[in-house]
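Two complexes follow with subunit A in common, the first pairing it with subunit B and the second with subunit C.
Let's look at the complex of A and B:
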């Protein structure tokens, strides 16, 4: 039972790493309808910026705040200067896909060019001390990361669903032309959406960096897990992204631990088979909205 | 996007290196650094070790296709080339080569070979991004236009396999590639131009660990963490072979995929197997994660990490969790305060700072590693006639050749049937507070080595 608890907690902790990025992916997708493959790389650069600020003597919390604000601004600017020209006419969706894949490479290699490829020590905001629940050990950082994710998810839900600006976001996501015709500043809303997602990425990236180990490829594989988890949970649902990613982490880890024929080598493969099976039954994902899936 | 240097190929762009990763990154895991320079190097960078103009000017004319007998040794030059994942691992090792060759050219007028004549060393490298196709294209380009005597320091089993046929056909030596795979010892007779590598054999460093464990913890139950690729399979086979008849048992083996975000599940399973010794062959960043997680769950089994992971840079990322880690060492780690001011290291630092091309750094372990291998290559050239076969024979038949970064008491020893540059290494234990290694045993010698 102790071992199961240990592996269960491992699954949740791994899932929280995926959910951190999955949340940002869904925010940007909900608002702009763009699948941003550069989301992980943006978060990576933000984490490196935090690390740089730490080297300059800035306290960790302040460094994360500065990096989050900088990420928000850069995300908005990136949309206005780079993404918008491709996205403007909403022609082929492949244009933005290729663009964000290109940004992924530029940001990842750029980070490596500036900070090198060696793994770097990144401090844990909540500390790396071991905490034990019912005999199962994990770190304070892991618990804190899950807590922040839950809070972020609630705040984002309230923002998108209950605030006036959130209504504007949803209007732009639904129909840009109609939103513009009633006075919604579409360009600003889209840029704000990119900025918001980048800021979330910065916060979440800073939380998972001590666990994933800060190095240029830190977010590469996580991006695949995050996208997959978000699809499983529902690309239109913030809570779905978190739940889907958590489930993916659990499935992956428990299969690896308890099905020797699968093990760590094939657990992800089997997890994807399960995802496909779920989507065949429920294409919009576990918590997604059916009408969006029907588009 | 995760570059899979099997970081042994790890030793991949990693990966993953104290002398560098990716199947093999370099002698030690990668430490790509020097970003701006590395990006600039994505385009074909050409460095003349002479520090002068282009290879085709200055000291002599470009070689022609008629240079068949001693191609690579014409016009008073010896031409060397490398294809390397510069955009992933950084240019450090290449800049180290260039710095040392430039030093020889500037201070000695070139290398004095066994025919009594001096030859300027011309060195060029291209980035392959750890992509086999690009590496093949690079080699073809060298063979068509540059006619090198040898290609040096290639990284990756796939790249070596994809290019060795071309090099065999063109009679160009493949020297000091980053390889420790057992495959090469089994197949070396099939590749007449494949020279010694710049890594010890995977079998050697694993056998040294098993031998030490058998002595120190008789009857120990082993837990094995391995990467799910050819490197991991190579190592796992070595472990299973080496424990036969020793009284040691394999309690559990766990695998992880290259690029997996976490290995905590595997480490927890290994702990729960009741194993008493942890054979941790994972590569960064999994290696760093596994050490941290073992500490989190309070698993105190002695942890033996892989040869290419034993660098201060990597272990520093683990902080106090790395205290007491065991590893097989071949060379000194110039990034450790223990050896940063060793005379050999200071000499290489001086050479790099004085003769290194733009972007080189005397503080970089990769640059120092490249310069050390360049010194070894110069020693080989000094004992060779000016033709590729002679150089290859020299490299394959070394007895106690000096390498400035090898541990005291260790030297380069090769044979035609043993394609690795050393045949012995030593188990050491790491102290995280002082960043020092303590040698724990006498050097372990590879019994599969065949003296000439």
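Let's look at the complex of A and C:
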């Protein structure tokens, strides 16, 4: 039972790191209908920036905050300068898919060119001491990761559902033209969404960096899992992204622990088979809405 | 037979793309006469990547589907060839078998995945691209794991009087030519028009009788088949296959090459093949990260400022200089029977992404 408990907790922790990035992806998808393949690389650059600040003697918490704010600005600027011109010129979805894949390459290899391919050590924000809940041992960092995800979810919920800006946000997601005609500054809202997503990504990256070890390919697996989880949960639903990513994290860890024949390197394959199967039955994902199915 | 515009555009100008294509293949054909065996091998790799690029170009420009799993399918072709060679099959036999197996593989993967929409399609294929090298490592009994698999050399037949390297190069060139001709033929056929119709407007295309699932499966399977054949040629040229040759970065390189050449042009595949083979060699001499950086920058810059790619720029330049657009020449659509339901749908306004190019 203890072993199962530990695997379960591991799954939840992995799931919550995917979920944070998944949230970022869905924020962008909801308002701009663009699948941002560069999301993971943006987070990667943010983490490298935190590392650089640490080298300059900035305390960890402050470094993460600075990097998150910088990511917010860069994300918004990136949308305005690079993504929007491509998105605006032609309605076809594959243009932006190609563009964000190009950005992925630029950011990932750009980071490698600046900081090198060697793995770097990154300190754990919450420390690596072991804590025990109900006989299940885990680390403070793991608990902290889940805690941060919960806080992020609550903040995002309050923002989207309760704030005036959130109403504008939902209006843009629902119908851009109608939102613009009642005076919502659509371009600013879209840029805000991209900035918000980049900031969430930066926080996510800073939390997973100690476990995954900071190196240029660090976020690519997280991105794939986050995307898959978001698809599983429904690309139009923020709650769906969290649920989907959590499920995926659990499936992944439990398979690796109990079905060694297909666990580990095959688990991504299994995850994809599950996703394709779910989507064939429910094309909108577990919690998605049909009418705004992502393109 | 309706002619949209008469005059000189029907004569020499209309044949420029075809003439350029012939000239390019002639240049490619004389390369082995001047190069050493090693350099000929490098050019053969470029041909292999070119074959994969024909399929990817077709899939994106005609089908509107972006696949990042092409590294997996090239790997499939290369490993299948190695395995069949180990079973003492001749290379022409494995060529046919790989083509059929890749076609079936493409259909099996495509059948559920093309139903899921553009974004999910890109996602699932990128997943396949990520899984493939790991699978190749883990399926030791089939792939030899990290040790890889060796392939016997292809000997030139006595009558040809060619070195083995040159012979293989010409075989590759013939395969590339065949693939390019298939792509051009497809573009001009009713199926090609149906493909472009579903790419530009799904609902309208379906209303005109285009069967979305079938045609998307078909284009994906064809594209995977070409990737498999690219793997066949790659495997024989390299005479050794190992998992690290087929990272997902290969897919991104192919995408960068195709986007740079210009989506939808028949010649793009050749540009892409040369790009994928030679640019990494050149750029990694500067810095190991430079390769991916260059590719990424090329994709982003092309998407931002010259969406038609280098060939598109050339074409625009030519149009400006002569004042005669190739675009005004009669499009093959006019030759189709007026009753064909898809031809009308194919003539909807098209995004600038994939330029119309009568080849």
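Everything below uses one rule, namely that the second predicted complex is superposed on the first by the 288 of 295 C-alpha atoms of A that agree within 3 Å, B and C clash if a C-alpha of one lies under 4 Å from a C-alpha of the other, contacts with A are read in each partner's own complex, and residues count from 1 in each chain.
As a convention for this text, a residue touches a chain if its C-beta (ideal position, glycine included) is under 8 Å from a C-beta of that chain, and two chains touch if they have at least 3 such contacts.
Computed from a predicted structure; not experimentally measured.
Chemist: Quick one: on subunit A, after the overlay, do subunit B and subunit C clash, or do they fit? Just give me the call.
Modeler: After superposition on subunit A, which the two structures share, subunit B runs into subunit C.
Chemist: Figure out whether A:220 sits in contact with subunit B (first) or subunit C (second), or with both, or with neither.
Modeler: both
Chemist: Once chain A of both complexes is superposed, is A:108 in touch with subunit B (first), subunit C (second), both, or neither?
Modeler: Touch partners of A:108: subunit B and subunit C.
Chemist: Output check: A:279 vs subunit B and subunit C. Expected answer is one of first, second, both, neither. What do you get?
Modeler: second
Chemist: Please work out whether A:117 is in contact with subunit B alone, subunit C alone, both, or neither, and reply first, second, both or neither.
Modeler: both
Chemist: Contacts for A:59 in the overlay, against subunit B (first) and subunit C (second): which applies, first, second, both or neither?
Modeler: A:59: touches no partner chain.
Chemist: For A:147, using the defined touch cut-off, is the partner it touches subunit B, subunit C, both, or neither? Pick first, second, both or neither.
Modeler: Neither partner.
Chemist: According to the stated criteria, A:6 is in contact with first (subunit B), second (subunit C), both, or neither; which is it?
Modeler: In the superposition, A:6 touches subunit B alone.
Chemist: Is A:127 in contact with subunit B, with subunit C, with both, or with neither (first, second, both, neither)?
Modeler: Touch partners of A:127: none, neither subunit B nor subunit C.
Chemist: Examine A:185 and indicate which partner it touches, taking first as subunit B and second as subunit C; both and neither are also allowed.
Modeler: In the superposed model, A:185 contacts neither subunit B nor subunit C.
Chemist: Which residues of subunit A are in contact with subunit B in one complex and with subunit C in the other?
Modeler: Correct list for subunit A: 104-105, 108-110, 112-113, 117, 216, 220-221, 265, 268.
Chemist: Which of the residues in subunit A end up touching subunit B in this complex?
Modeler: Residue positions touching the partner: 3, 6-7, 10-11, 13-14, 17-18, 104-105, 108-110, 112-121, 128, 130, 137-139, 211-213, 215-218, 220-223, 225, 252-253, 256-257, 263-265, 268.
Chemist: Which residues of subunit A touch subunit C in the complex?
Modeler: Listed in rising order, the residues are 35, 37, 82, 85-86, 89-95, 97-99, 101-110, 112-113, 117, 216, 220-221, 224, 227-228, 231, 235, 265-266, 268-269, 272, 275-276, 279-280, 283, 293-295.
Chemist: If we count contacts the way the header does, which residues on subunit B are in touch with subunit A in the complex?
Modeler: 1-3, 13-15, 30-36, 38-39, 87-90, 228, 254-257, 259-266, 268-269, 272, 284-285, 288-289, 292, 296-298, 313-314, 316-317, 319
Chemist: Per the contact definition, I'd like the list of subunit C residues that touch subunit A in the complex.
Modeler: By the definition above, subunit C touches subunit A via 60, 64-66, 68, 112-113, 115-120, 122-124, 126-128, 130-131, 134-135, 137-138, 199-200, 252, 255-256, 259, 287-293, 295-300, 303-304, 307, 351-353.
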